[in-house]
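What follows is a single structure, and I will ask about it in a moment.
Per-chain numbering from 1; labels A, B, C and D assigned in written order.
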Amino acid sequence: MIFTVKAEVSLKRGHFDPEGDVAAKALRDLGFGVASVRVGKTYTIKVEAADASEAEAAAKEMCRRLLSNPTKDDFKVEVLGFEGRSG
Amino acid sequence: MIFTVKAEVSLKRGHFDPEGDVAAKALRDLGFGVASVRVGKTYTIKVEAADASEAEAAAKEMCRRLLSNPTKDDFKVEVLGFEGRSG
Amino acid sequence: MKRARACVLRVGGTNCDEEIKVALEELGLRTDVVHMDWLEKGDVHKYQLLVFPGGFSYGDYVRAGAVWGKRVVSKIRRDLERFIESGRLVMGICNGFQVLVESGALPGGDGAFSETPKAVLANNSSARYECRWTYLRCENGSTPFTSKIPVGEVLKIPVGHGEGRFIVESEELLRELIKENRVTFRYALPSGKAAEGAYPFNPNGSEYDIAAICNKEGNVMGMMPHPERAFFGWQAVGYGGPEGAGDGRRIFESIIEHIEGL
Amino acid sequence: MKEGLVRSICKDPPILAADLREAADKDLVEISSAMGLALSLQEMKAIQGHFGRPLTDVELQTFGQTWSEHCIHKTFRGEIQTEGGVVNSLLKSYIARATMELSKPWCFSVFEDNAGLVEFDEGHVIAAKVETHNHPSAIEPFGGAATGVGGVIRDILGVWGEPIALSDVLCFGPLDIDYSELAPGIKHPRYIFNGVVAGVGNYGNNMGIPNVSGAVLFDRNYAGNVVVYCGCFGILPKSGYVKDTKDGDLAILVGGRTGRDGIHGVTFASTDLPEESEGLRSAVQIPNPLVEERLRRAVIRIRDEGLATGITDLGGGGISCATGEMANRSKLGLTVELDAVILKEPDLAPWEIWVSESQERMLLSAPERNLGRITEIFREEELESCVLGRFNKTGRIRACFKGATVCDLDLDFLYNPPRTTRRASRASAVRKPLILEKPKDLKVELLRVLSDPNIRSREEIVRTYDHEVRGVTVVKPLQGFEGGHNDAAVLKPLRGSWMGVVISCGITPFYPDPYWMAGCSLEEALRNNVAVGGRRIAILDNFVWGNPEKEDRMGSLLRACEACYHFAKAFETPFISGKDSLYNESPMGPVRPTLLITGVGIIPDVRRAVTMELKRAEDPVYLIGVTKEELCGSAYLRVKGVEGGAWPEVDAASSKSLMDALTKAIDAGHVAACHDLSEGGAGVAAAEMVLGSCLGMELDFRQMIHETTRSDFVLFSESQGRFLVEVREDQEEEFKKVFKGLPARRMGRVLGERKLEITDLEGGKISVDLEELAYAWRGISWN
């Protein structure tokens, strides 16, 4: 089956986020009352797996091996749904 | 009060996502059974607002004005929590 | 010298291969620019020097250098381990440095590679791409890459990157790098004093002003600045004279002297 | 619309047919608009008259694309009715005419191909092209600007050039403008600015092509009409320029896949920007420099192995225009198999495949025997390609899909559209008196001008563009650690030669008279080029104007073209290429007429190139040229919000003799530093020279050759044809000899301390130290 999994990669707490700081400043310049912004990335992945837990495990492994760098990133994985048989 | 709001910006359906394609191919090369990947961005924003609905409205406005482009992006906003009085 | 040969690797998105080839050839070293695909099928061991050049490999998507770095691990790790263990030289410049870090070759582990990366080149603290000249203080003049540069000497070499803020996994590892003399260049003030984070002398906010590091054995080095863009004097108008040599040339001269002796 | 005029003739694939024979005028107009063709009634009638059969949507779209303003330049090639008579083609009567009459032997290929080509050395030519990407950037700033860069790079690849440099000139609304001042649907200049700068930087950096030249302008007028010019410059061996498609050759499409992105970009660029532009999703183009980088390598390899007979890029109009142009150029025909095209998404209609403007694609022609090797190169560079069809002698462009012929057109008719007629009213600015109180403190005035967004340091932008990659940039946009702005860039493209390419630009849209505005832009491009040591300069024109169907817009366009002809002739600088972007109108009004002139010169030895930062204390400083009371449109008056007085004019003869003398002085080694005087006049130029170096300068304006009455006027006048020159102290006598009989005057000297000291016309002194200058120029707004 093809599962849709969302992996969210974000900076570890306490890590400096220049991109977030720039976004915060730009938002403040536009008149918003913003205290801070942290930027992260999401990967919405269609992955082949036997069941949801296998899909989740695979996505975690993808985060470990490619999508995140443990020095700076945390990641979180969530199975969103599935699509039935794959060819 | 300071609310934490998460804004998620992603490419509209049908829009071509070169970054997602590269990630998908790289994951396949690493042996994962990945059909496709779509990449999005998250902004975790601390925003001053009177209540949750005001915080949400502000975040939506931020998406409209700066964080996304309605021609190519969809966005989604979610209030995660609040932190009590601001100075 | 007759036998020595260098390989400048490339993948889609690499774009600084030609100027590195020019620099090496200028010093008489036979240099091939080789696509990763060919190397995976071919033989890396006929080379004494392997260079991972700058550019935007795979568009720098996901994370700068990550996709290429993981491909190195999954496709040519064993070959590269042998290459490194035999004392030959591997150099990563800019995107190439990012690749070496993402693959685990730098700072390195117990073997040639650590299982997971122990460092990262994160977004510049300015949150922008920075193309500018920097002052680099040589911290270790006895690696194969720096033997012609005395410790304390300041080189003028430009950077051009958006993700060059070097951070390591732990305080401990940083101390270890410093203690083992593995920080080869630091961003400095014109006087030669460390920049101590002061922008724009430290152009990206790197910890300890780190611009370049090497592995334990000293035969793998990664650096964010581009010595090949400061090879000729005319590349450095306003920083040196149009005639003669640029400061980056001395890094290449060190390399060549070393591999001639291999 | 009349029943049955347009009907479906096939469901799968979806094909419509329109029978124009029975159509009334209003039906024609309706069909054009319903199908998004943007063809005028006159054009629709020409099509109606030509065909004795119904036309498919594929065919009608072909006309829509090929006869668009973008592809065929119908305004520039059309007929213009003026009070004084009829002008037959702006291009022929002014732009190309100057080139023809100058007939320089070093012009290698002009106005013909994707880019202009001039000789470099015996074996090589330089290719240059500048494009605009305004509408796409207004809608999606990042993608619009990035694909603008990508597109102009393909123009250079499209003449077999190896790209060596990029340029970008950007015009934005004020970054601090209030939301309430923007019309609905218009994005905030801040948003546009961030996206455009990031897009330009991203594409160029990814490609590894240094961005070395450009300009950034701010004005309320551009809030509704952002202007984005992208330039690319390349080099190639003369023998590598092959454009000789033969009967029987294959047409090969390579690069990115074809999808729905950018459909109707062309017709879209030929109409005003609608208020609800957000609905135009398919017009958004998605950049993918990763593919173009591989394309670049493949194209150069194929060129060097001599495998192909022709090449062109896919830009506006997609496959339809690229194949049509290639066939037409060689007086051949072609049948295209649309099934062969590799698609991004299934179920594209044939007409969509035909006109899609998906990025990063090129078209090659090659004999069949080379197909194997070409495909191998593509494979090695990880590129997808397909054979579209074979060139033949029919003189027709045909397209087939699933066995059916969906398009069959006569190239002769397609490439000879009906002449467009436009009307032009007289356009010159009216001079108003200048009413301005004498300022109390010149120093305050100078700092205020320096801190204006139009004058301030561009470092924050320029540093995000890699200008060193390839390792051939000799004179850089930012000079030295101090980051002074050089007037032009110098590149050394060949390994075994000291010869350099010099790239500069001129843009002066704030001078109100279209004729003199154009003249000043041209002069500025040359002045910048000469200031670093460039000579034998070729120029490119890029017009950004409003709707040419309005008489006043057409009137000013005509005047600007007249100036282009006159000054190109007078300076002996031929136009080699260019482009016009018309219909730049938004709910906030028409764009300010904006002409960019790009200069491409050469320098025999890059070691002789001159930079702008001061070199040595005690060196004498000369001001070359005459300062007149020309302040209308100047930075000084704009900062004060004042209009009036005379605008700068160009005295070509005197300016040319000064430039020639300066070149002589540079070649002889007399010149240590040089900076041209442009926006902000002598005051700003002097401040910039100090800011860019570790030294200072002392100037006595009483020494100046001037025709003005006031100190603030000599300081800020923007008279053309002027330079500030640091002369090597030991060569001052020789320098003076070179300038004998010319207006050049010693104004002061270089100081060891970092400050600017000025003596005004009354003998009053002002002294500004570096911190003050830097705070105004680099820092946050000064007041």
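Points to keep in mind about this one:
In this text, a contact is a pair of C-beta atoms (placed from the backbone, for glycine too) under 8 Å apart; a residue touches a chain by one contact, two chains touch by 3 or more.
Owing to the predicted nature of the structure, the values given are computational and were not obtained by experimental measurement.
The chain pair with the larger count of C-beta pairs in contact, out of B-D and B-C, is B-D. Taking each chain's centre as the average of its CA atoms, subunit B and subunit C sit 35 Å apart. We define each chain's centre as the mean of its Cα atoms; on that basis subunit A and subunit C are separated by 30 Å. Subunit A and subunit D have Cα centroids separated by 40 Å.
Residue numbers of subunit D whose C-beta contacts span two or more other chains: 188, 288, 290.
In subunit B, the residues that touch at least two other chains are 18, 22-23, 26, 30, 39, 65-66. Residue positions 58-59, 61-62, 67, 70 of subunit C are each in touch with at least two other chains. Interchain contacts join each chain to each other chain, per the touch definition above. Within the complex formed with subunit D, the subunit B residues making contact are 12, 14-16, 18, 22, 65-66, 69-72. By the touch criterion stated above, subunit D contacts subunit C in their complex at residues 201, 205-208, 288-290, 293-294, 380-382, 460, 462-476, 478-481, 483, 492, 495, 606-607, 609, 611, 613.
For subunit C in complex with subunit D, the residues that touch the partner chain are 12-13, 15-16, 18-19, 22, 35, 37, 54-56, 58-61, 128-133, 158, 160, 162, 190, 226, 228-229, 231-232, 234-235, 237-239, 242-243. By the touch rule above, subunit A contacts subunit D in their complex via residues 26, 29-30. Subunit C meets subunit B in the complex at residues 58-59, 61-62, 67, 70-71, 74.
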